[in-house]
Structures are given as C-alpha cells and as structure tokens.
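Have a look at these structures, which come just after this line.
Each of the next two complexes has subunit A plus one more chain, namely subunit B in the first and subunit C in the second.
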Partner chain A sequence: MASKTPTSVRIRRGITLPILLLVLWEVSSRTGLVDPRFLPSLESVAITAKRELLGNDLIFDLLSSLARNLGGFLVGAVLGIAFATVLALSPLAGRLVMPTFNGVKQISLLAWIPLISVWFGFGEQAKIVFVALACFIPVVLNTYDGMRDAPKDLLEVGHALRFNARQRFLRIYLPSAMPAIATGIHLGLIYSWLATVGAEYFLAVGPGIGGLVIAGRERFDMAMVMVGVIILGLVGFTLNRLAATLENHLLRWRPPRTA
Partner chain B sequence: MAVLTVTTETDAPSRLPYPWRSRAVGLAVALVLPAALLILWWAASDRGWLAAQILPHPLDVYQTLRDMVASGELLYHTAISLRRVLIGFAIGAGFGLALGIAMGLSETVEDYVKPLFLAFAQIPTLGWIPLLMLLVGIGETLKIIIITKGALVPMTLNTFAGIRNVSPRYLEVARALRFSRWQTLRLVIIPASIPFVFTGIRYGLTHAWTSLVGVELLASSEGLGYLLVWGRQMFWLDTVIIAMLAIGIVGFVMDSGLNRTERLIQRWKRNEI
Partner chain C sequence: MSVTAHLTIKNVTRQFSVDSQTITALQDVSLSVTEGEFVTIVGASGCGKSTLLRLGAGLDAGHQGEIRHRGNVVLGPSLDRGIVFQEPRLFPWLTVERNIALGLENAGVSKAEKKRLVKEHLELVGLTGFAKAYPHQLSGGMAQRAGIARGLVNRPDVLFLDEPFGALDAITKAHLQGELQSIWSKEKITMILVTHDVDEAVFLGDRVVVMSPRPGRIREIVPVNLPRPRERTSSAFGEVRAHVLQSLNGTASLAETRATAGETKPVLPRPAIAAVG
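Moving on to the complex of A and B:
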C-alpha cells in the first residue's frame, strides 16, 4: 500500500480536523453555547499561558520538573544497567533474582506511591526515588534480554581467544546488547516522564508542572489546567523525539534490521 | 508512540520449554529470594529494627489479609475495580478496533485522523485526569473515560499496524485471484492482522489497568486504588501492602492469560501459513 497521495494533500488533510475543532471551540465559547468555565476561549487560554509565563514561575516549574525527571532517570538508568549486567553475566544470580523481579514489576507503578511516601516523605527525595523506579524497570528488562542474547558464536570466539571476564564484557556482551540497552533507556525516558507527572500529582509539594495542573483544578481554572496539560504533552513528545534521534545516532553502525 | 515501542520490544520469544524436572529446580531457585526476603522482614520486625510505621510485621499483614478476605472487603474493592476496567476496556477496545481498521484500510481516513489522534495520544493519561475532573466531576464517568482512553491508544495503533503490515505478496495473490474487496478483507487482511490486534488487546488491557490505578488514587471512594490511599492516610501500611499485592496479582493474571492466548494464536498462524 504505497502512498500515492502528494505530501501537500496529506498535510492539508492532516490539519483539517484540528482546525475544525479549534473553530468549533472558539465559536461555541464565544457564543456562550458552552459554559466558558468548562471551555474557556482560546484567547483566555493564551492569556493564562502568558500570565503564568511572565507573572508566575512557569519556567521555574518546568525546569523543576525536568530536573526531577532527569535526576530520577539517571539514577534509574545507571542502577538498572549495572543490576541487569550482574544478573545477565552470572547465570545463578539471574535465576535467583529475575523471577522475583518479574513478579514485582507486575505491581502498577503508581501503586508504589503510597508506600514511597511513607518511606521517603512527600519531598524531592520521594519523587526522585519514584522516577528512578519507573526508569529502572524497563532498563533492567531490556539490558538483561540484550546481554542474554549475545551471539553464541562470538562467545565461542572469545573463549578460543582466552578472553578474561573484562574482555568478554567489553568486547562481546556490551556491544551486542547495545541496541537493547538503547531501547531500554528510551522506554525509561518515557516512563520517567510519566512518573514525574504522577509524582507531582500525588506528592504535591514543591514546584512543578504537575503541581500547576493540580492547582488549576483546585481553583477551577480550566485555562490553567489546559496550559499545564499541553506542556505535559509537549515535553513528553520532545523527550521521546530526542531519545529516538539519539538512539538512531548512537546505533548508526548497526546494520538495518530485517524483520 | 510509547505504546508501539513497548509492543515491539518487550515481546521476547518465550524460552524453550523445560522438561518438568528442570522446571521444578528453576521454581525452587526462584523461590529462594522471596523466602529470604520474608525471613529478613520477619526477623527485622521481630527485633524491632523496623518500626511498624515503616513496615508492619508480616503476621499483622497476614492477619489483616484474613480479616479483609473474611469480611469480603478485599473482594468487594477488587470487583469494583475489575468492573470499571472491563467496561472501560470494552468501550476503548471497540472504538480502537474500529478506528484502527478505518485508518488501516483507507489512506484518506488515515491522513485526516492520524495526526490529531497522535497529538491526543501524546498527552499522558494522567494528564487528562484533572482536566476531565473539571468537566465530568469525579464520578464513575471519569473513571470509565480515563480507562477507555488507556485502552484506545494501543488498540488503535496496533490494529492499524496490523492491517498495514499485511504482506503485499498476499494482496497480489488476492488480486490475481480476482477476490472482491470483501473477500480480500475476510480471507487475507483480517487473518493476517489478528496477531497484531491481539497484541493491541494485551497492551490495551495493561494500560487500562494502570490507568485505573491512577484514577482511583486521585478520585475514588471504592476500589483497590482507593484502598491504597485510604490505608496511607490512616497509616495502615498492612492495608497498603495488601492492596499493592492485589493490584499486582490481578495485573499478572490478566497479562499472563492474554500472553498465553496470544502465543496460541501465533502458533496457529504459523501453522496456517
């Protein structure tokens, strides 16, 4: 099903619905068809965005969220790669720990929040722990699978060349697990953003975009909630694109995958 | 796009089936760590290394579990959560299937709908909760909408991918055999995309369950998520732990059941072609 439609037509079609929706939105809020408290006009959303940006600390909120996100992500990714490497390279450790790990990961991430808030409070520490946990799980799973799937013939070559443990790790396991690790890190980045939002909702202390949304809801300020939600989406989208680009760049040596 | 990435990457092929003996050994080894942790937990609580406000004694947790099972409380909250998930999932999966098929079959529909759909899908389910709380309140509608959204996105994307991934060779054969549109759909496209649809169902259900926990944590007076919040507020950590276990077990049962069915379907597909 190769596409025959020219790109310009596709773009025109793609923006049709969004524009229709925006027009419908604007008309219904202007004419009072819908209560503006529920659907504020585009203008008032823009004004709120400007107010938050200039008057209040939108930028600071955003930076706090990002810092939290990156902090938790780094902790989770580094610990995850190290943990999975140990498990993958020692068969006994893997068999001891992986079943428990697979059981624990069944607990929905958000369900950890109450326990984490008891152990670590509601402050920055608890949020970082939660974000790190969110990132840790996919990184461990993918790294472990990647290392376990290191090609057997390469391992035999390594054996013939009398590689020591360090050489085996650096020359065989790590390179062949690289694509899987990259996937794990990519997923970890996505999950850590979701977790950042979740942490800011439930552990609502301190600055952050999630806190902004919750505050907007409490004040029944729909425009503010919308601004916050749009930013959440944009940040998630940007992080995802960044990770995908980085992944492709780092793995450009990899032969194209044939499915 | 998180949904699709997850779909393709975590689906590692199942390991070779062991004979029962090595499976029993594997199980025994797997139980060593949980047993060790339990003993450690027990000892630590017994000797007062851990305050009960940090981690209650395992016996207390067990006692609470028995009480909650006996009083029907645990079953009640689990049933409420399950009902919400099933309703929301049924709606979301139905719409997702329809949308995925429409976008997969018609490029025009895809051009019109997909950009908007992807933009909506970008915003995490958690992001929608406060917005919808203002619109529809914190009643049952909110929960159903959120769960529906959770199931809709993976279902749509996977169905769409399934239809688009039908091998062009099959379509050529269908053309050569002068199949009508309906025949092509029934005999070629639907059978070839069923495994993808199933992946969509599995991820849809997982996302629905995760979304449920989120929405129940934020706004609920019943259900497993509520049990978590309530236990936390009362500092009844035994209740919190039991609710976490229940959430994990339900998630595990749903996921492994669907996983098994999915493997069956894929085997059937391999034999068929």
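Moving on to the complex of A and C:
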C-alpha cells in the first residue's frame, strides 16, 4: 500500500528520535551523569561552533572538505561510468576484467592509503585520488549490472529498427541502466564523503572538517570534536537528500513506487 | 490490388536445437502474399507461426529455403518491413510521441517531417491527447496502439503483427481489431498477422493460413470472401469460422458435433482451439 501520510507528519515522526537523543544528551551532561570532558553539554558545543564559525575558519574548512569531496566524486563517477560501460558492452573486456575487479573491490579502502600516499604523496592530489577510488567502486558495480540488464525485447526492437551502435547505447543501454547508475552515484556520493573525512584523518593535515576533528582531539576539546562530527553528519544527510532529489527527477519516467 | 508476388516464402524449414535435440519449428512452408493483402496466420501454440513471422521480418535466420520481399532475399531486418509485437515494447523512458518517433530514427527524414508524421500517426491510432504521456501512464490497449503507430510511422511495405491483441481484454481487443482493419483499408499496407484467435483471423484476413504443430506446417489456406467491415454475427462469417476451426482441429467429426450441439449448447471457439494445443 502506498503511504498516504502527510509530509508534515512524516517529518515530525522523523525528528522525534533525534530530539529525544538531544534531550538525553543535555540531561546527562547537566546532571553530571557523564563527565563533561568526555561529553560536553549542548551549550558548550554551540559556543564552540560559534567560536569556530566567527573566530576561526569553519566555513573555509567546510568548503575545503566539500571541494575535495566533489572533485574526487566527479573523477570517480565519470571514470566509473566510462569503465563500466566498456566492460558491459564488450563481453570480452567484461570477462577479462570483472573477476579481477570483483577481487580488488574486497580490499578495504583504508588499505589503499599507504599505497596512495607512496604513489601520490600526502597532499591534495592523494586525497582526491582516495575519494575518487571510494566513489569509483560502487559506480562501476552498479553501472555494469545496469547495462548488462538492458531488456532483450527492447534490444530486439532496436534491431528491427536498425539501430546502430550509437543509437543502441543512447536509446537503450544508457537509459535502461539509469536507475542502476543513479544508485551507484548515490552510493558513490555517500562513500566519497566518508572517504573525504578518512583522507583528512590519515593523510597530511590541511584545511577541512576532518582536520578540525583531529585538532579538537589533540587539544582534548570534545566540544570541537562534536562540532566536527555534527557537521559531517549534516553534510552527509544533505548530500544524500540532494542525490535522492536528482534521482527522482532523472527517473521520472518510472511508474511511481507503490511500496 | 495488384497480383505481383510481394512477399514470397518458399520451402522454408527452420530447426532449433534444444538440449542436443533437434526441434523442427517449421517444415517446408511456402506462402505467397500479394501487395496490400491482409493475411492472418492462425494455429495452436507451437505451430511455428511466430517463427514464420520473425523469419519474414528478418529478426530470425538460420532457415533453409528462401524468403523474398520485392524480389530481394530477406537477410535481416529492414525499415521496409515493420513489426508489432504481442507486448507493446515501448521504451519506458520515452514519451509516447518519442516512442513513435523511434520508427523514424533511421528513416532519413527531416525534423519537421518527423514531427508531422508522428502527429499524423498519433491521430491515426487515436492517441493525440497522450503524446507527452509516459508508457506507464497508458492502459494496455493504448500502449498497443502506440506500438502499432511505431510500426506504421515509417510507412513500411509490409507490417508483421505478432499476436498484437493477445494480451488485451475482449472488449479492447474487438475495438482495436476494428481500428486495425480501418487503418489497413485506409493505408493499403500489406499486413501479416499471427494469432491464436480464430475470430480475429477471420475478421481481419483476406486469407486465413491455418497451421498445425509439431512440426509446424501449413494445413490449409482459407480465403475469406466477405465484404468489410465484417459482421461477426453474420451466418457467412460463422461458416468461414467453422471451416477454419474444423481445419484447426483436423477432424470432420467435430464440425458435425458442433452443428447438432449448436441448437441447445453453443460450442464456443476457444475450447475448440484449446483442444488442439
């Protein structure tokens, strides 16, 4: 059954748990249930956020992280779609490469960091390579599956209408794979944000939210760490929503989902 | 109607191997279709009627014998031979008008001409108000009309229809059969329609080709010399239908049973077909 719950009610239900958690947090830090050095009060987090925003370069940190994220994401997504398309449309290439790719993708992303730092250094370039790699893998897997699942009956229609290779790709393979590609890009966007923070943790310290969190830890300023963590969460949430909106727009030809 | 051999199928045999067994889908089938003719092919499932259609459209190959269209051997699909499938097979990501325009993708017509032709064919199949709709917004009958428009838009010489109304409800089906018949008489395109519905075959065909299964052969070709549009309830129509049914069942006795039982308990065509398959 399609849910007919009004949006306002859905939002109200969605934010119930976060508000309860905030209340729990506030109560436990106010009543001294937990050591404020480990879990600072909401108020001190807000004060720190204000300090970082006005006094330090919180906005610059955020923009640096976002730029890194977006750069790596774009590189990974474009390369991933192109790579997967070649593999899916050339059976020989697919058979040659996919088993290896499926093996390589099992390697934890973090295990790449030493290699990447040796190959690309510790600077911005290495971070973008790492983010791109994180995005590349889900984009390739989903695009490949999507292209391979192109409906045979429509391919036959294309055959009857004497489509050439370009028309087959633009009219059938690409659009039929769009839902899968969108899923891949969606995942790629989430992974690339996670990887952005990872890169900032493990590679050279520079401007960025990851750097802010590390600085907070080193100064044992848990409020600063919390500010960083909250921003990471909010950005991730926003990116996710943006991806979902874009996905719905691109795939508006699909029948509305009933589940 | 000219009498030149337009599409000729000569001694065509098609075998498939399934699990190292050879299955003969068509055995020595010959059929000649004249220009502008409406030929319907009827038979139980497994009689190779769809295989024959796919060979004619150039979507299948590997047969013995020869299929010629306008004197040229059919080697693959051509824009001169359109096809309409049982499922509408519309591209779900394109609107109805863009789906129909796919039929003109490789026709080498100008943009303006394309637009005009698409509009004209939307009108022809009664989908004018649905040009911008996506396939999932259409009913089954409307989707099939769009499929027919896509097959027709390029003005093919021959249109092959593979059980185009097989998946529709009875009312929509009867309605679309009437429309197809009027499109045919307006456009004068040669049509070859495969069906398992005897009523449909007699209603639409100039000739009804009756096929029998295992291996697929032509059992009989029944001419339908009735004025169009045909009255399904007329006695002449009923006679031709009975003849086709009798041929399908391959027994004279069934026709007798039908004639006597007809008084009290009418035998519907469907169970009779089911008996063959």
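The rule is short, and it goes like this: the second predicted complex is superposed on the first by the 220 of 259 C-alpha atoms of A that agree within 3 Å, B and C clash if a C-alpha of one lies under 4 Å from a C-alpha of the other, contacts with A are read in each partner's own complex, and residues count from 1 in each chain.
As a convention for this text, a contact is a pair of C-beta atoms (placed from the backbone, for glycine too) under 8 Å apart; a residue touches a chain by one contact, two chains touch by 3 or more.
Since the model is a prediction, treat every value here as computed from it, not as a measurement.
Enquirer: Tell me the contact category for A:Leu187 with respect to subunit B and subunit C: first, second, both or neither.
Expert: A:Leu187 sits against subunit B, while subunit C stays out of touch.
Enquirer: Per the overlay, which chain contacts more subunit A residues, subunit B or subunit C?
Expert: If we count touched residues of subunit A for both partners, the winner is B.
Enquirer: In the overlaid three-chain picture, which partner chain does A:Thr100 touch, first (subunit B) or second (subunit C), both, or neither?
Expert: Once the two structures are laid over each other on A, A:Thr100 reaches subunit B alone.
Enquirer: Using the superposition on chain A described above, determine whether A:Pro36 touches subunit B (first), subunit C (second), both, or neither.
Expert: neither
Enquirer: Just subunit B (first), just subunit C (second), both, or neither: which does A:Gly206 touch?
Expert: In the superposition, A:Gly206 touches no partner, neither subunit B nor subunit C.
Enquirer: Going by the contact rule at the top, pick out the subunit A residues touching subunit B in the complex.
Expert: It comes out as residues 1, 3, 5, 9-10, 13-18, 21, 38, 92, 95-100, 103-104, 106-115, 117-119, 138, 141-142, 145, 180, 183, 186-187, 190, 193-194, 197-198, 201-202, 213-214, 216-217, 220, 222, 225-226, 228-230, 232-234, 236-237, 240.
Enquirer: What residues of subunit C sit close enough to touch subunit A in their complex?
Expert: Touching subunit A from subunit C are residues 57-59, 77-79, 82-83, 85, 87, 89, 91-94, 102-103, 105-106, 134-136.
Enquirer: For a test of understanding, state which residues of subunit A touch subunit C in their complex under the given definition.
Expert: The contact residues of subunit A facing subunit C are 153-154, 156-157, 159-164, 167, 171-172, 175-176, 178, 252-255.
Enquirer: Given the complex with subunit A, which residues does subunit B contribute to the contact?
Expert: Of all residues in subunit B, those touching subunit A are 1-2, 5-6, 9-10, 12, 26, 29-34, 37, 53-54, 107-108, 111-116, 119, 122-124, 126-131, 133-135, 164, 168, 171, 209-210, 213-214, 217-218, 225, 228-229, 231-232, 235, 237, 240-241, 243-245, 247-249, 251-252, 255.
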